[in-house]
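Each of the next two complexes has subunit A plus one more chain, namely subunit B in the first and subunit C in the second.
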Partner chain A sequence: MSAVEKATPLDTRLGALEIPAGSFAAKARRAALDRLTAMGLPGRRDEYWRWTRADALSAADPVPAAPFVTDEVPVFDGLDRLKIVFRDGVFDAAASDPFALEGIEITRLAEAPELGWAAGFYGSLEEAGQTPVKRPFAALNTAAATDGVLIRVTGRPSKPVNLIYIHESDVSDPILHHCVKLEPGAELTLLENGPAGARFNKVLEVEVAEGARFHHVRAQGRDHERRAVTHIFARVAERGLFKSFTLTVNGVLTRNECVITLAGDDAVAHVAGAALGDGAHADFHHDDTVFITHDALNGESRQVFKKVLKHGAIGVFQGKILVKPGAQKTDGYQISQALLMDDDSQFLGKPELEIYADDVKCSHGSTTGALDETALFYLRSRGVPVEEAKALLVLSFLADAIDEIEDAALKDEIVARLEAWLARHRG
Partner chain B sequence: MLEIKNLHVKLEEQDKVILKGVNLTVETGKVHAIMGPNGSGKSTLSYVLSGRDGYEVTDGSALLDGEELLEMEPEARAAAGLFLAFQYPVEIPGVGNMTFLRTAVNAQRKARGQEELSAGEFLKVVREKAKTLKIDAEMLKRPVNVGFSGGEKKRNEILQMAMLEPTMCILDETDSGLDVDAMRLVADGVNALRDGKRSFLVITHYQRLLDHIKPDVVHIMADGRIIQTGGPELALVVEQNGYAEILKAHGIAEAV
Partner chain C sequence: MEQELEIREGVDRETIEAVQNMGSYKYGWETEIEMDYAPKGISEDIVRLISKKNDEPEWMLEWRLAAYRRWVTMEEPHWALLDVPKIDFQDLYYYARPKSMEKKPRSLEEVDPKLLATYEKLGIPLKEQLILAGVEGAEDMPEGERQVAVDAVFDSVSVGTTFKAKLAEAGVIFCSISEAIKDHPELVKKYLGSVVPQTDNFYATLNAAVFSDGSFVYIPPGTRCPMELSTYFRINAENTGQFERTLIIADRGAYVSYLEGCTAPKRDTAQLHAAVVEIVILEDAEVKYSTVQNWFPGDENGKGGIYNFVTKRADCREARAKVMWTQVETGSAITWKYPSCVLRGDDSQGEFYSIAIANNYQQADTGTKMVHLGKNTRSRIVSKGISAGQAQNTYRGLVSMHPRATNSRNYTQCDSLLIGDKCGAHTVPYIEVKNNSSRVEHEATTSKVDDDQLFYCRARGMDEEEAVALVVNGFCREVLQALPMEFAMEAQSLVAISLEGSVG
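Then we have the complex of A and B:
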């Protein structure tokens, strides 16, 4: 493919965008635009996009997507948290809580004319994450994000911050960019939920300083028709901890990328995901692409990704552990598993290890299988009806991923979502 | 009462006939034992009665208190009062033993039109029953059978039996893999459930389990049929002489 051909979809895409003006991050936005122009949008032959078609993400306009209407209580509603609400990507002050919480400073991207700590931070982890693999949608996001939150954590806030993304318009196309900086010893739990729009592009940059702890739990919303491309870029310093769990149910197209560098000794990074898709309602294509770099001593990383696929649903996992020279005593673990509920569904997995240190422990595994008939019979022989038995076995399959959520109340919220989904998708 | 009449069963996927006309009646409150060499069809009988996939019933019937079991789903058989203690209890990671037990108990209560037990009520009953089987609280919290020893798995089966209160219990080689102490514990658990109304079908290779769970009737199964029926003394004959003579007397080649 020639450069000229490749530039055309990008021109179209950029033509439909309005790059926000203003001083804050203007330089970072320009640099991101230059990066994006140099790399172009992913083409069909792009190896990194081999199993996921980027067309709908690249197109100038989103494919219209209807919100999923339900009377179910939204996830995390029962928890005490600081709510920040975006409606189709637009900040909703009335629905949000005041940005006042001890140990934390919160500013909106759209309202930050000059913000010392964030000025040099915005886009920096995204930029670093463009090597060795290009991530054009993240560069596009840095260039064109209309809003987001800039969070600096100096202490241990008493409750989680919850970013809530409401989807109302069939044609909304939000681009949000969040920056989180945890100062040494600080701790934050960040919750995210909701589909956000017909097409959602989101970047989350997280800097975890020495001894700081970051917990992230996200539920991507139940809309069947939505599309999303999201990136998490994280850098974890000495003794820092980064833990992220994502629940995805439904969605025509979801690409979740996670790029983490363990930059300081004794850093820990866990990233987990549970995705459930039922092609009977709408297409389901879910792609988890993870890149973890060990660049310090004695780092620990875990990737635990599980997918439950039925009626033609497609799951993709591309996960890599890169151990740089000198990153001795690295402990890297990666597992990706798919539970295929029928013969129509498909799982594509590419686990990768690249190791340049000689005293490391790295393992990876990838499995695809059906429900265990013996276990199903065992449960039924105890009087558990077949659909309930299947649901229990699905939860059993997902347990390793869910167990990555440390907080019991959050875990219960996620399990309740899973149970509700399983109850809706019987047969 | 369980009445099995002329039961013929083949494997679904292959043209292999396993049960060739089993006739057996277990009266209410009685303990029947089935002994027999490997491959005689003992475990198949237990699976077919409890509704496992992979078998095709070509003839015959199995009535539990007058209801045809063979037409029911496995969960309906359980609700009707049937229980199978597995030879190899299944491990279910990620599902707590307690959750599993409560789900099962309440599913059966629901199927029978009874009110579900509250968490508190359930906990009280399960703790009490677990105690007599020497199952500690830790074992109740762990995922179903995961990391359990052979003895713990079998005791867990008996705990399920005690919680579900079936009328007809089938024990499929419950003694396999158990040392003497574990076997006694399991047998005590079973004996505690003998109340004159509950029936048992104890499947075993060896007589020793029957020292602890005293049967009323002993059947010898071979080549897919019950070939001999007698009192507890029949088990002793097998113990002393092996199966060879009995098989020979019935013109059956010894199983490999």
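Then we have the complex of A and C:
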């Protein structure tokens, strides 16, 4: 590049990155870099980034963010699980459990020079997920991820795998990429929690084979100042099941994309999220962007997203159901709801349907408004103090999303976190 | 009981008749008439020429030129879910006028009978038959008869407006926009471009530069327009773009119901129609705008048809203003149209009822925008999309609640119906809520024609096409009911005709 030419934001971003070389993923990384170069980073007029500014995610360096210090017991701590800990994106062997669990093989991306199953898999779902909509940060992740886990599930492990992301440095900028492959009939529960760094870019690729079941529950940590862009790419084969729930409280900026293809007949995919934001401490901008493609017969998909917003918090939902020609008997459902606790907060939504098959049942609904005054009045007239009444109503508003978590213990864990948040953010 | 049965039979008979009358596009013929064309292509000279042909004042020419200069810097929009073939804007005629209209006829009696015959054939009461025959006093028809005043636009010019005198009595101005520019410059200057600015979007800007005619309506304060007003658009000439511009102003406390219809001959080359409709509604006034859009949709292989790229917007400028858009979109090869409501005045209301039918290779991307700016504003959207054949039908809409628009309400319902497995139905709603005392609700469903309902109809002796037409009419019921009576009848049979050949 000549000195006269102005560096593009992508040049600047790439200049700050070090692309790991030499592993089984080298080819996939190069291809991802080419994809990224061809598409560039999201611009101000990018329709897919209409309501979320990508500047802080595109910049060469992260905006410094102080870790949130609390003595509270981290989420999922009481559960029996296999812990894998990343501290500012760096694997912490001492804090992690040995990767030994029946029915499952776990390897780290940074430590897998050759890995048969993952060689063709790494980056493949991300690449497929680039059409029809470009997802530059995911391509960037595939190209530059420094670590992550590669999990192959052959049976039904006795306990969940928990990825824990600890944020310690003000300027950490981790890029992690995980691959999960469930063989036919296998089953796995994957838990994720923690903010990971000042700025976090994460990709999770999940292949669900025939009759396999994948459960995913994540809590994105309590740090107010962190920024995160995450992508889930999943492909669900015949009779496969994919279920994912995300809890987001706090965070200056969160963009969670979820791209799922129902590739086999009778496949099921549910994605849900509860986001609670209070702009009083720091900005809160939360964006759920979901794209579900039905490409087989008799598929079922559900998107359930709820947001509770106060003090200038902003919630974004872009959800799409695409039913391809021939994907008959599809049952697609989508609901996005926002509760605006005061006049400063905003909800911006685009619930989309694109349907090319006739024998389908697809619907979506979206509502936005304040807490129901009548219900509030009823509770107060029964002697419930106003703040408690509000918390009760907010919890019932979130119930549909939380109900997407199948495991009762996990559900209780999430509800407890929600209650604690509500107790902290009264008024 | 017996009577009730008879009525029901009557309804059935009517439906069956409508279905039996289903033919191919009914308005596909062409009027052979000598035309006066401006040279092909667009340039500042063409803009000047159009302005000159309309005998316009300097300020109007300047307005057009400003639009033209902006337009050359603009790009066609690509965001709609449409596959629009490249349009060569230099290969179109921007002005076509029947030769006989060179000298504007002073009254309908001077209008070329061929033109009148064209409209008669289209079934438009351009001039009631009595008036046509020159019977004195025919305009003072007995009270109680339903009267509709019509402005008829043939290619680039308005050929006549009926009931002008009667409307003038009530203080209503209803004329072509070219006349309004000459006769009521103060109103045109004040309101033209105030809802859809010259530079609004690619097609609206093109229209601002080259619009040749259209209708103008002004309803004075406190006046209820004594009859329904209507404009009929006919594209006749080949390779001609039609760019009409309609401006409706309802002053304080006024009311008007306005109908619009459109047809074009069957041709295998596509034609461009880029219209602009602006509606200004002041305090306590109400406007109902109903469209039955039946431009030639192209043949069953997708050849020809009208490209309908239209900008329609109503501005509820003051308190308690009210607007209602009702549209039945059955024609056009490609439709790109979003009649919108800007709810600026407190307590103002906007409603949008739409049926969009796309069959064969038609493509429709249509919907509305409800922009809530004032307090306590209300809006309602009911959209019914029907796709058949290989068609693609998209609802695209925006509901926006600004921070100041407290205590506002929106309810949106978008339903899509698919007939056959080669077509597509899509929904792209945008929702922006920036205050918490407002409530926004959006619901959308997509399904196919219900098998049980079809089976029931078949069991009653209908063949499949009749049964589908009946079920589809039921699906559209909420919108059909919002239409003025004579439009509702026409729309109902159009629904059946548009779906012809889509079953089996």
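Throughout what follows, the second predicted complex is superposed on the first by the 420 of 427 C-alpha atoms of A that agree within 3 Å, B and C clash if a C-alpha of one lies under 4 Å from a C-alpha of the other, contacts with A are read in each partner's own complex, and residues count from 1 in each chain.
Here is the rule we use: a residue touches a chain if its C-beta (ideal position, glycine included) is under 8 Å from a C-beta of that chain, and two chains touch if they have at least 3 such contacts.
What you see is a predicted model; the values in this text were computed from it and never measured.
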Partner chain in contact with A:341 - subunit B first, subunit C second, else both or neither: second
First (subunit B), second (subunit C), both or neither touched by A:351: second
Comparing the two partners subunit B and subunit C, which touches a greater set of residues in subunit A: C
Touching partner for A:119 - first (subunit B), second (subunit C), both, neither: neither
Partner chain in contact with A:328 - subunit B first, subunit C second, else both or neither: second
Touching residues (chain side subunit B, partner subunit A) in the complex: 50-53, 73-75, 77-79, 83-84, 86, 89-95, 100, 103-104, 107-108, 111, 143, 160, 164
Subunit C contact footprint on subunit A (complex, rising order): 47, 325-326, 328, 338, 340-343, 345-370
For the subunit C and subunit A complex, residues of the former touching the latter: 79, 81, 403, 406, 416, 418-448
For the subunit A and subunit B complex, residues of the former touching the latter: 372-375, 377-386, 388-389, 392-393, 395-400, 402-403
